[in-house]
Amino acid sequence: MSDIKFLVAFDRETCKGCGLCQSVCPENIILMDQEHVNGRGYHPAYIQDMEQCIGCQRCALICPDVVIRIEKIDAKEES
Amino acid sequence: MSDIKFLVAFDRETCKGCGLCQSVCPENIILMDQEHVNGRGYHPAYIQDMEQCIGCQRCALICPDVVIRIEKIDAKEES
Amino acid sequence: MAKVLMKGNEAIALAAIKAGCRYYFGYPITPQTELLEYMASELPKVGGVFVQAESEVAAINMVYGAAAAGGRVMTTTSSPGYALMQEGISYIAAAETPCVIVNISRGGPGLGNIQPAQSDYFQNTRGGGSGDYRLLIFAPASLQETVDLVQESFTLAQKYRMVVLISADGMLGQMMEPVDIKEVDSPEDEEKQWALTATEGKRPPRAIYSLYLDPVELEKANERLQANYEKVSKLEERYELLQMDDAQLVIVTYGSVSRIVKSAISLLAGEGIKVGLIRPISLWPFPKKAFEQIPDSAKGLLTVELSRGQMVDDVRIAAKGALPVHFYGRCGGMIPSPREIADEVKRILRGDKS
Amino acid sequence: MAKVLMKGNEAIALAAIKAGCRYYFGYPITPQTELLEYMASELPKVGGVFVQAESEVAAINMVYGAAAAGGRVMTTTSSPGYALMQEGISYIAAAETPCVIVNISRGGPGLGNIQPAQSDYFQNTRGGGSGDYRLLIFAPASLQETVDLVQESFTLAQKYRMVVLISADGMLGQMMEPVDIKEVDSPEDEEKQWALTATEGKRPPRAIYSLYLDPVELEKANERLQANYEKVSKLEERYELLQMDDAQLVIVTYGSVSRIVKSAISLLAGEGIKVGLIRPISLWPFPKKAFEQIPDSAKGLLTVELSRGQMVDDVRIAAKGALPVHFYGRCGGMIPSPREIADEVKRILRGDKS
Amino acid sequence: MKTEKIICAGFGGQGILSMGQLLAYAGMDEGKHVTWLPSYGPEMRGGTANCHVILSQEPIDSPIISQATTVVVMNLPSLRKFEPYLESGGLLLINSTLVKEESGRVDVRTLRVPATQCAIDLGRDEVANMVMLGALLALTDVVEPDSVIRSFDKAFEHTTPELSELDVQAMKLGESLIK
Amino acid sequence: MKTEKIICAGFGGQGILSMGQLLAYAGMDEGKHVTWLPSYGPEMRGGTANCHVILSQEPIDSPIISQATTVVVMNLPSLRKFEPYLESGGLLLINSTLVKEESGRVDVRTLRVPATQCAIDLGRDEVANMVMLGALLALTDVVEPDSVIRSFDKAFEHTTPELSELDVQAMKLGESLIK
Amino acid sequence: MTVLFEKTSGLTDEPTIYCPGCSHGIIQRLVAEVLDELGLMDSTIGVAAVGCSVLSYNYFNCDMLGAAHGRAPASATGIKRVHPGKMVFTYQGDGDLASIGTAEIIHAAVRGEKITAIFVNNAIYGMTGGQMAPTTLLGQKTSTSPDGRKAESAGMPIRMCEMLATLEGAAFVERVAVNTPAHIRSAKQAIRQAFKTQQAGQGFSIVEVLSSCPTNWKLTPVAAMQWVEDQMIPYYPLKNFRTPGEAR
Amino acid sequence: MTVLFEKTSGLTDEPTIYCPGCSHGIIQRLVAEVLDELGLMDSTIGVAAVGCSVLSYNYFNCDMLGAAHGRAPASATGIKRVHPGKMVFTYQGDGDLASIGTAEIIHAAVRGEKITAIFVNNAIYGMTGGQMAPTTLLGQKTSTSPDGRKAESAGMPIRMCEMLATLEGAAFVERVAVNTPAHIRSAKQAIRQAFKTQQAGQGFSIVEVLSSCPTNWKLTPVAAMQWVEDQMIPYYPLKNFRTPGEAR
């Protein structure tokens, strides 16, 4: 099983590619998709390595376009 | 010779009879002329006993209609 | 209610309250101030709200908010204050929020003076706000007519979702005359389907605004307004006619000065000169129909105003070039005497002046 | 100077500076803003003063002060901002202090949008201020005409001690077109005998105001204004005529939309339909003289506007009921195509619509 | 009764407007058509105040008087301003305490009443208007004195019994000067 | 030369207005009559921007184009909005990087240019407009490329030599795509 | 014989329309005296606001403009920018300056406009007959607060000097009164300093003068002066809030 | 699986017209979140001002009015007086609130109007393309201060909170920023307190939010956030100026 603890999802069509999320991510895992342009003309953000996400929500807090949704993958019961 | 040291003159036609001069005179020598009404319908102020005037100018300072003019009668040379 | 002797300004205020007006926002200005003062003292007694705004600009924008919130709301002012309200009025007209405004006009231009004058005709009827909007405008001549129209205005404002303007002048605002002010049944209005009342989770949110970035949308919004205006202009033309049969000349005049014109017409009747009267009561829609009743005997029209000829435009348009349109007016608070007006009529009939 | 390609707003600003304008007070509003911005960057370079006011209300009252002080002063705005200036304009007109105002109009009512529209015709020509005052109003159709009129406006404002208003819309403000902006000889104006410059002990104090508590005085002041307006209306009627001989219909149109009408007229000419054009350049005084030149061949008039028919009133008055007056207009930023206008002309000539 | 057109004029503060209102209320009380039109605004202070009162059996067109049946003046500027408004044969009442000058009109009935002096004698300058009104009522039948007294409450909204008493006294004094 | 009526449209920020201005300046440089009319205001951000450019030997009446000889679109909304404006037989230039869709018009000459991709390749999204302009000039004789280059200073007021260099490069790249 | 007090030549001979005992007359005299004494009368342009002092262009012996209600600071700005070397002042009431003209006075201060505002605070709209002003005291009865101003619906009275003093551009800000001879002397000092601030090009200056309105307060002139002392001064403390060069 | 962050139902799904990285979007989200969390969204009526946020009536999931430029506090007053039981807020830019609407915001505060003003200070006129605002910093280049704002002609930037805090009716006054996640958290707290102040009927409340305008500042969104930190916060200190119940 993967080590992903948090799921950070971007709505690629509403993202304006501003890069603010990228600038505040303490783990430096957010990148701008330079290859693609969405329907509104922007390079959307995406996460390179989800496993490194610490679920701090800094990206979501600063995103002006409410592009980001964050979920915590519940830890398996370890009994 | 009289003891008048100061000459306080009222322009009876511009006086509005407000009584402010009267209210501030430390010597209480200003009165309103209840007998007469000037062309604008007011009872003008006048001085009862000019000798008592100490030339403090309080009356002139407070008069809103610049009705009052004050002169000092120069003392006689006493040599 | 029995007739009472009241000052025009106070009678208007009382009439509004009795017509269910519960929100008033205004700013002092002579010769309208007693109206504001009456509201200040009486509205709170019936549970209404009086707010003295910081300016006429603020007042009209408070009216906008209160009207959008569904309140029965009024403001009143006088000429320079009315000028300051123009932007706000344009917003209110665009947003189709109903309200009543009273302009007790005075002499101009600029600060002018506080005497009666009708030189607000242009700003009343053509507005000073931008855009293709209209107000429903009444110009009463007596206090009784004034209070009746004020009361009806609240109904019409709701009905058409429109600004209704009462155009009067200092003479009507300041004079006393006996009036009978009715208690208007103002049943709780049916829930306004457009008003901002907060959703309370029961309906989708509403928005009231006048911005339409897309020209297609803005043109549509304008067409909706125009359709409404069309309807209003069909239904709400109002006027008084007097002595039109055989009239040699017809005087067109409105508001306070029409009372003096009536005296002049009596004077002339006494001298065997027949003069008719068209008195527009609605200034917009301008009562074009009245002009269809001008008798063939009439040699011309004479517009009499307390201004330098602002209604003349509307008279010319209504008369369609069929008759010469003369003008007589005084301004700046000067009021013509019946004699002066009668003399002017005679001059015109003699042909001294065209 | 050779022709340069400039945006309308910037060309107006440069033209004003070259005509000696040294004081500018304004507030940002689309589609006028580049004018303000140009002034901000260029006026200081020639020793002039640019002040961004806190609002349009403040801007027009700064203009009033600067004009009273004898400065060559201008302000510019767009529709809702112009509405806010109405009280101030009434003061300036009453005080007979010269200034130039440019209104780059947009869609309304209310906030509307920022696209070209001519629905400020009423607020431009009838004012929204109180009192019997008038502005001298020019409505240019090309950038060259605009800059020429702006420059002349400063001269005329001084000459008549009057407010001169340039009425243009977003199309003229925003488009680029080559213009030749002249260096106007603006010889130091002769000392203004009425301006507030401080007495310096050399003359009695002067006062500029518009309050006349006594109606007799206020009426006199009004008569002085009227006499001036009379003169202006005799001397300053301006218009362009096109193809009036044998015209079957005459289109009356002004400003930006007249350019499209011209294309439509060419289109129609191609189809063998002769349509004439009256293009008022001065909106006040409205060019009544132009209407004397309507050929007998004309079956009617068609007013074309970017509004819902505001100039129609003036056309009706000028036409004196002699011919039917039709109307075609779009609004809210919608611009008719030449084809649409041509079709409307054909409909009218077929008699489909009266 | 013929239509009465009365102009009252004087200094602001001399109770000119109330004098006129009393006439209007009284006229209404008697079932007449009435109008009252004041001058207003800052000219009331320092300058002069005046009002136009019309009482008639017929509906009234204009509330503005261009030909008065009666003119009451409480000071000199008012005399000069309003004597021309009086119709020939009309009644001119002058407050002789403040107006030493004579009227230029010889075609009217002129009466000089020392109203302000009477008021000073009564201890309150302000009731000069009531003295004048008393005189007017004694000279004409415009309204009954009793109708006026019945109207006190309406015209003087916040009056006290003492002041009302003084007003009546002043009115009677004015009447007595004539009778 | 016949009268050229060109509509350029795309996202705000894609340099649509400058593209149009360059054409206008160049046309003027060549002694033509020109007009340039932008869309303006907040729709420039987020929404679309467009401009109408007319170049003619004759004086120009209306600066608004109702029948275009050429339409240049940089994104999909612009294609949908402006393709109807194109006259039959006109030229339609599409930025194929961002517009995968086809035009519905079959009566016009359509050309797909991967302008944004070229610009990304050049290292600056912003020069996609110049790629497009290069293609346009290669396809028509509306103005000479040299006239456009001469107009750079006027249209890009605060440009740097490096940026100008890149602009020229992009234009040439656009031209080369056609030739 | 020495003249101790006489009418300043800064005033014309026009009689004022003010009510008897109204302190507008005192304040206007002080302004004229100061300008006269500083030798500035001839290089001054004044701006009269709309209010009881609306006719003050007839009273001051210098060039004067009659401004629109509340807009005197804007018009003064226009004048000052054309004639930066002249002295420009506004004379405004509290309805004018603290209500309809709020934006104009604040932004004149923000810009540090080199003009002097004489702000006559009489806690009421005098000219229009005694309506509530933003400066009307709590509980004070006016024609639009017939039961006395209530904080609940009309809020607390506004203190303009305290508010303006927060602005960097406001170089000289002081509140004075003219209800006693002593206060009148200090008031004159403040007015003098305000004009000197302007003369030195140090920024915007304003003197708020607590003034009486016996007519609309329905008090005798003498009682009105006492009301200023007892009611106004406690809420509107007499104080210098800003002087050029002093630390904030 | 637990949702840690998702879009509040206080916002509609309408995409905003804001430029990439513009912090208007953050502020508007915070307001919606707070109203949602307090359970007040359904009893709220908002007033959108004229500025880049002019379309915010499409974004907030509650009844909304589009006010005239600068007049939102007046229109909000009209609404609140009709519905005293509802929550009423304005959302205004600095051009709107601190320039043309100065009188309206001050007098809403003077009256202690029970409304909440969200004041988005981005030191510029965004909507009209980057002109100087009264809040523009000294030396800041804008299209109407092309050489940078100069104190000599345009004065010093206005600090609205400091000024409003002098008014008794202003019950809650705080300045916050949204340039970092930490600041965003505090900003949300302040907005919450402002609405609670209104809910408790304690008077007027305002939250000034320092906001970015990358487009008109000609900076990248990230650099713009840094500019807020480096340039704006030093001049506009983040601070609570008034809280109900606390001594002044």
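Think of it as A, B, C, D, E, F, G and H in the order they're written, each chain with its own count starting at 1.
FYI, a contact is a pair of C-beta atoms (placed from the backbone, for glycine too) under 8 Å apart; a residue touches a chain by one contact, two chains touch by 3 or more.
None of the values given here were measured: they were computed from a predicted structure.
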| item | value |
| --- | --- |
| Shortest walk length in steps over touching chains, chain G through to chain H | 1 |
| For chain H, the least number of touch steps when starting out from chain C | 1 |
| Chain pair, most C-beta pairs within the contact cut-off | C-D |
| Whole-Å gap between the CA centroids of chain D and chain E | 54 |
| Chain D and chain H, separation of their C-alpha mean positions in angstrom | 38 |
| Whole-Å separation of chain centres (CA-atom averages), chain F against chain G | 61 |
| Residues of chain E whose C-beta touches two or more other chains | 41-42, 46 |
| For chain C, residues contacting two or more additional chains | 30, 49, 51, 54-55, 57, 80, 87, 91, 95, 110-111, 113-114, 209-211, 213 |
| Shared interface positions of chain H, touching two or more other chains | 15-16, 18-19, 54, 66, 68, 99-100, 102-103, 106-107, 111, 127, 134, 153-154 |
| Residues of chain B touching chain E in the complex | 34, 37, 39-41 |
| Sites on chain E touched by chain B in the complex | 11, 13-14, 46, 75-76, 97-98, 116, 120 |
| Residues of chain H that touch chain C when the two form their complex | 12, 42-45, 47-48, 54-55, 57-58, 60-68, 71, 74-83, 86-87, 103-104, 106-107, 111 |
| Touching residues (chain side chain G, partner chain C) in the complex | 50, 54, 66, 68-70, 95, 99-100, 102, 125, 127-129, 131-132, 134, 143-146, 153-154 |
| Chain H-touching residues of chain A, taken from the complex the two chains share | 6-7, 14, 16-20, 22-24, 40, 42, 55-58, 60-66, 68-74 |
